[in-house]
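Two complexes, one shared chain (chain A), two partners (chain B, chain C).
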Partner chain A sequence: MNLSALVLNGMVAAPVVLVVLVLLVARLSEAAAVRVAAFGGLVVLGWSVWLAALSQTRLDGTAVDVPWLAAIDVRWHLGVDGISLPLLLMSTVVFACTLLALVRNAPDCGGTAWLAALLLLIEAGVLGSFLALDLVLFFAFFEVALIPMWFVIDQWGDAHGPRGLQQRRRAATRFLVFTVLGSALMLVGFVVVRSETGTFDIVRIAASYDPVGPVALTAAALVALGLAVKTPLWPLHIWLPDAHSKAPTVGSVVLAAVLLKLGTYGFLRFWLPLVDPGWDWLLPVVGGVAVVGIVYGALACLAQTDLKRLIAYSSVGHMGFVVLAAATYTIGGVQGAVYASVAHGVVTGLLFFLAGAVKDRYGTGDLRELRGLYGRVPRLGGLVAFGAMASLGLPGLAGFWGEMLAVRAALFPAGVLPRVTFVGFAVVAALGVILASAYFLALLRSAFQAGETGASPPPAVVAGDVSRWEWLVWSPLVAAIVVLGVAPGLLLTPVAEATVAFLGGGR
Partner chain B sequence: MNLVQSIDWLAIAAPTVLAVAAVVVLLVDAFLPRPLLPATLTLLAVLAAAVPTWVLWGDPAQSTFCTGDALEGPELCSFSTDAFTLVVWGIVLFGTAVVTLIGTAAVADGRTPAGEWHFLLLCSAAGAVTLAASRDLVTLLVALEVVSLPAFALAGLRRGDPRAAEAAVKFFLVSVVATAITLMGISLLYGVTGSVFLDGIAAGVATGSEPWSVLVVGALLTVVGLAFKVAAVPFHMWVPDTYVGAPVAVAAYLSVVSKAAGFVGLMLVLGRGLPGLADTWAPVVAILAALTMTAGNVLALRQTHAVRLLAWSSVAQAGYILVPFGAVTPDDVGPALSGSLGYLAVYAIVNLTAFAVAAVVGTRHPAQRLADYRGLVKEEPGAGWPLAFALVALAGLPPGVIGLLAKVLVFDAASRVTWLVVVMAVNVAIGLVYYAAWLRELFRPAAEPGDSTYDVPNGVGVAIGMTFVAGVLFSVLPGWLLDPVLAALG
Partner chain C sequence: MSWLVLTLLVVPFVSAVATLGFGHRAEGAGRGIAVGGSLLTLGLATAVAVPHLGAAAPLTHVYAETAATLPPFQLAVLVDPLSAVLLLLAGTVAALVQVYSLGYLRGDSRYPSYAALVSIFTGAMCTVVVADDLWVLLVGWELMGACSYFLISHHWELAEARAGAVKAFLMTRTADLGLLFAILLLGERFGSYRISTILEAVAGQALQRDELWLPAVLVAVSVMGKSAQFPFHTWLPDAMPGPTPISALIHAATMVAAGVFLVARLYPLFVSAPAALTLLALTAAATMFLAALYALVTDDLKRVLAWSTVSQLAYMFGALALGAWSAGVMHLLSHGAFKALLFLAAGSVMHAVGSTSMDRMGGLRTKLPDTFATMTIGFAALAGVVPFVGFFSKDAVIAGAYEGAVHGRLVWPWVAWVLVGSMVLTAVLTVAYSLRAWLLTFFGPEQEHADELDLHEAPPSMRVPLWLLVVPTTIGGFVVLNPAAVLGPEHVEQMFHVGESILMTALVAVTSLVVLALWRSRGRELWPRVVVPHPPVDRLYDAALVRPVRWLARLVVAADRDVVDGYADGAGGTARGVGGLLRLAQNGNVQSYLMVVVVGAAAVAVVAGAVTT
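Moving on, here comes the complex of A and B:
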């Protein structure tokens, strides 16, 4: 096995090996197992950095391409380029942070080692999905993450409230059923594509597939529908708020920061090559649905009374920006989509960590009860303000560029697309940015600034402001938000190059 | 014409061994009753039958019991061991061996007579093996009855259990009606085409036998009879009561080997005999498939009895296996049906794991409530993990990669009929609800510590181990199982 094959296969295998290791150590000592998992998260992060460094110079893209199920031409085909690499790195960073967080912040119901093992298993599936260049392999890796995530919500989720346990189970099962429905529909689209192209290899499809006719349109529509459930796009997002609000903190972080990105990455890597921009309705409809999601997410946020649900709905809006950018079918659109995906990953990951920290301290995430947190936990409050500003798209922080590029791409869509429609989308999306400012500012004012008026704030369950360990866990995300905000070129150039190479020039 | 047929003894060795062994087991148990002897003999017989299967694999496409010669036209054979036959033999023999092992638990409790149980099992297996090799409708129907008749007796075998008796009677009545319908269909097909040989019927259809309408009616009636065997809607009502009433080992046999026999019959009659009519029967089977999986999944949602849940789940799975039939076109039979065969092979392995664990749990918790499975992973990991694996594989999710790939196979084989694949996609999602609910029980702590510890009978332990190892192995290296299986019909 040469170096490239070792690095690529190892990227997927390393988390799986760590799962086994963690479970073995857990038989001796739970605490040690969690430490092993946290250390493992760092190892995988390091491995992904190694992969990134090699990919600049001498990574052989054809190194891992062997038959896996020869009968229907499914291949074990892994590779990485400028589109997947940023998402891959973002994922390993987020997973390293969540695993580190578990070391000091164990869930109440115990079983931390198991939780860490499940997170590593999810990581294996996620990394595999970003590396897979075969449609079925992508589907299979996609599914790897689901059962572990279902367990994370079902076993470690929040069971507060009179019917909390039942609600938690329902949230977990709904997440599972919706996501599997999405991937099954996507798979239907994939097999129809194979009946057209004779291959599951996305590199060959991207290079030579010319989607014409009703069958090709059906395939692209089915794949879009499947990915729309997973991303999620309005109106298929209904599994998301429950799953987020019931999941434990680390579960919410992984779900929002990483699992949603599989959907948006799917749109870029596995949907755009299946689409002919000349079709009358597919791209405009997807763009339109995305824009509705942006506005809907913002309005829903204004009505939320739970901190985690609010962040969850804000994700619906952000995913709308990503998909709108993808639907413009331009290089600028892909740049915007990748940028917004990565930015959403670090920003929303941070926000869910912070929401979890608030909930740990006050036993509730109910915005009607939380009051005056600036005064009581100033550093935590400051971080929430920072995250909220990044999320609403303040220039200079990560969130800005993704939304700006998405709106700009919508102003200049691919030549064959109806320009007026997309300009309309751009205007509405810009309105969504303003609405997002409104709900985050409202959140800051009610829960963090407002003083003594109204009901008295809930007493602190755990006293104290941000601990050192929390600083350690969160600082990579904070740093990433700032770096991405001030130096967007780091990301935009490789994405553009990869897009030209993958999708061909002139798009 | 040659009056003395030359018989290829190697080709018919497998069914012969099983049939002879059936009689031997019955006699030995009558004169030399030892608790483990019949099971051992049965396993040896299955192994012995596997030897010719293995030998023939190197040199398939042997045929025997042929008529006709160069003067009378093409040679037509009743019995043929091509790659398809051998793959089915593999599934049947594996299934029979596992069921024998699961059955040791039922025999051990003393209410199931060992000699009769193994005699009936071997008879039925001999029928299934013959069925896969049969290439004319008469042999096929006789073989199908040889599969079914012992199965009625098996379902009612448990002494002093009125539920088992009722299940057997119900099963028997529905089955007899189905057979009568099939016979009617076969007689019509023979009347129109003038041949009972599948290849002869195919040739007759291709040359445009008249009247067309009678041919179509004959084909549909034959399909109806076989649809009963695979428990397709609306012939599925017997399944849950029979599975619950019968010993778990018998339910396992019905859901895997007997059901496989039904699918093999469908593949032979439709794929080999009536490909020319595919435009007529494929849409009918497509609708049957959609109804079957939807009914199975929806009715499984409310079950709290583990075996009854498995029964409905197996109805749903039968719907999935039927899906590729719905996408067959007259000139594209093999590739479509190989999706079904591949799924069948995977289903056999993982479904047997689930039934084997259910047999273990049944030794302490005969009520088989889902709640009785609490704590199984923690307290009895040797049974809990395999069941968890089997459930995710049946649901089609990793780590049960083999189950996921089986669904990919079916999707791929049926991609031409997109609506049907979309229905299946929705069904896969519905099915998750009940598999996940059961999975959750496995990982919950037991109600009382020690409530989920079992004295796993050795035989069942081996059965669990065999099927679990096979499932995991093929999840990592799916090509080892699926490449030869798919090549068989390719």
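Moving on, here comes the complex of A and C:
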């Protein structure tokens, strides 16, 4: 096994080894096990940097390519390029942050070591999904990432309120049922693709598959439907607000920052090669649904009364931008999709950390009760304002470039696509940006600046502004938001090169 | 030289971070860093600007570029005389505001974040004026919007401060979509986002105007939003709950000035697109008159000044729309000096009186001698009294507009004449409202309870900036009259016109005499009190946009709740989940809700599009 094969396999294996290690140490001391997990998160992060240093921006699928389930021609085929690497690095950073957060901020109900182990298991599934170059292998890793999340929500989720336990379980189960159903549709689509191409190998499919005819269209539509559940796209998003708001803080962070990206990555890596842009309706319908999601998510945010639900719904809008960009079938679109995905990961990850910090301090995320937080916890308030500005797409921060590129791609879509339709999408998507500004300012106005109504705000359960440990955990995300905001070239260059190599220069 | 420009762009941001980092631990350190940073910025701005005034060759430099996008993004700067004068203006006003704020915000626990935001604001404005790449420009442009949002809501415990801040941000950001789309279209059309490249290309093909009207009109829309021109004029007066030094910064040197700067910067594009110039001309004609009317009747000193900014900005747009480029830019500089002076002086008045309402003022000239003297000069400049800077720049604008109306071919003659007429009429109103505000503040009887207030002149940190601003306000006319020495040798326009000057001075004199006669006979009630109506446009926005959006938001939440409940009822266990999904799809109620939402979203888009253009 040569070096790059070792690094690729190790990228998936390292979190699994850490899971075992954490559980073994947990028998001796829970606190020590959590520290091991946090350290492990940093090791995996370092490993991903190593992988990045070794990799090229163009996809090289030859290092790890061996038969796995030989009977059905599924191969253990891993590789990385400029499309997956940014997402992979973002994921390892976010996982490292969440595992570090657990060291000082253990959930009330205990079992922190188990929670850390589950997060590492999810990390293994996520990293595998970003590395997989075989359709079925992607599906398998995806499932590995999903199942542990059910436990995370169901065991450590928010059980406040009457029937809190039932609601928590319902949220967890709804998340699992929807995403597994989505996976099933996607798998059916993959099988149909194999009947057309004779292979599950996405590199070969991308190079030589010419999707024509109703079967190819059916396959692409099925895969799109499955990914639309996972991303999620309107109107299949209804599992998301409950899952994201009921999950514990670290769970929300991972769900929003990382798990949604599996869906958007799936669109780029495993769906675009299955699509013929000349089809009359598939790309316009996907783009249109994405645009509706942008506006719908923003409108839903305007009427939310819970901090975490608001951030959850904002994800629906952001994912709409990503999928709109992908549906334009252009290199600029793929650039925008990757950029918006990475930016959403760091920005929404930070926002969920901050929302968790607010809930820890005041025992509630109810926007009708919280008020005047600028005065009570000014640094936390300042960070939320910063995160809100990044999320509403202020130029100069991470959120802007991806969404701008999505609008640009929609304004100038691939030549065969209906131009007028996509220009309309671009205009509506841009209006979604204004609505996003409106709901974030409304959030700051009601909860962080003083409110006109309401008697007394809830008392602080945990006193104090941002702690040193919180600064430590959040600062990588803050730094990433600024760096991605002022140096867009860092990401755009590798993505463009990889896209040309993967999909061909003509697209 | 290029590293100096980069340093200039970085220093304000570093200073902001340092102010935030140290300001909460040691008050003195925060103040020292903030003021020191602003003085360093001013020094750097001077060092960058002075060599590029007048006939010097412009500096262009590309620090970094991303070839991965087509066209590429470039971190590029362009320093020409236009950038240079605005760097000097922004640097000076920002430094004076920081010094002034030492006194004005003494003891304010939010000083560190305030001072940091002022630094970022300055850095953003510097970014805008030296940007040679449209994306770099957009970053500075929107960063200013965000800074103004935070600074307007500095006193966030006040409901009107919160509302004004949100309004400012949302209105300008909506208009900014115009700039975003314009950048995208220009990049596609010219294969570059470099401003200098695009302008050269525009100049090289002056006859092919077909494709340029749309980006030019879109830029014009975003400029109208940033500079608070009709129909976006309502955010600026509502931004008055912010601290007064911030008003000086926003009104004189940064945010709203950036709108005028952008038109001046992209001027060849506008000259190639008569539609955009016509839009600007008509907007300016309506805005200057309307805003002057508001200024005439409002009883709040800061609002008088805010409306006067809206009105004076319209003069600049009017000059640019009729081809008087130098006059427009000179009026921007001149207005920057006297409006900074007026706002800082008004802050000094409020510091003493504790209110912005002119009902609480009167007879202050003996109590606040420095403020009275400096503000008098500021008002004289605003009204266009000889020999203050406003006289020269405003006359240059009106004369230039007249020339444009007689000889120009940029817009239709009737548009030009409407604009010139509005300029003359507004000049009369300007004299009237300036004089009224001056009289109500400083003359007449002292208000009741004035003795109980400990009326005293402001500390030196606030008075020194006032006197410093008196200098350009008084002798700035020399600069205005020599555009070639400042803006470059191609700007040889005759800025002084004897005929117009005599006419305008006569108008000023007659108007002043009428107002003074009214003051003699009627006292503080110069003209019948008009309750300032909320601008009707605001009610339109509320009815056409805000309320429908809220209604749609509730509908969306209801739709989601119905879907989720419908699903949850059927899904006791995972096995029944599929049934729930199918039921969901057949639920006619849900479908109709969702249909309504989609149609509604489209309708909002159409309405918004109609309103913003």
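In the analysis below, the second predicted complex is superposed on the first by the 498 of 507 C-alpha atoms of A that agree within 3 Å, B and C clash if a C-alpha of one lies under 4 Å from a C-alpha of the other, contacts with A are read in each partner's own complex, and residues count from 1 in each chain.
The rule is simple: contacts are C-beta pairs under 8 Å (C-beta built on N, C-alpha and C of every residue); 3 or more make two chains touch, one makes a residue touch a chain.
Note that the structure is a prediction, hence the values are computed from the model and not measured.
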Partner chain in contact with A:496 - chain B first, chain C second, else both or neither: second
Report for A:7: first if it touches chain B alone, second if chain C alone, otherwise both or neither. neither
Which of chain B and chain C A:139 touches, first, second, both or neither: first
Look at A:115 in the shared chain and tell me whether it touches chain B only, chain C only, both, or neither; answer first, second, both or neither. neither
Chain A residues in contact: does chain B have more, or chain C? C
Under the stated touch criterion, which partner chain does A:149 make contact with: chain B (first), chain C (second), both, or neither? neither
Partner chain in contact with A:430 - chain B first, chain C second, else both or neither: second
So, does A:176 touch the first partner chain B, the second partner chain C, both, or neither? both
Considering only touches as defined above, state whether A:72 meets chain B (first), chain C (second), both or neither. first
Set of chain A residues, in rising order, touched by both chain B and chain C: 173, 176-178, 181
Along chain A, where are the residues that touch chain B in the complex? 67-72, 74, 125, 136, 139-140, 143-144, 146-147, 150-151, 154-155, 169, 173, 176-178, 180-181, 184-185, 187-188, 191-192, 194-195, 218, 222
Which residues of chain C touch chain A in their complex? 64-70, 73, 113, 135, 138-139, 141-143, 146, 149-150, 153, 156-157, 159, 162, 165-166, 169-170, 173-174, 177, 180-181, 184-185, 188, 549-550, 552-557, 560, 563-564, 567-568, 571, 574, 577-578, 581, 594, 597-598, 601-602, 604-605, 608-609
Quick check on the complex: what are the chain A residues that touch chain C? 170, 173-174, 176-178, 181, 235, 238, 241-242, 292, 295-296, 299-304, 332, 335, 372, 374-375, 378, 382, 385, 389, 394-396, 404-405, 407-408, 411-412, 427-428, 430-431, 433-435, 437-438, 441-442, 445, 448-450, 452, 486-489, 492-493, 495-497
Flag every residue of chain B that touches chain A in the complex, lowest number first. 338, 342, 392, 397-399, 401, 404-405, 407-409, 411-412, 415-416, 418, 421-422, 424-426, 428-430, 432-433, 436-437, 439-440, 443, 478-479, 482-483, 485-487, 490
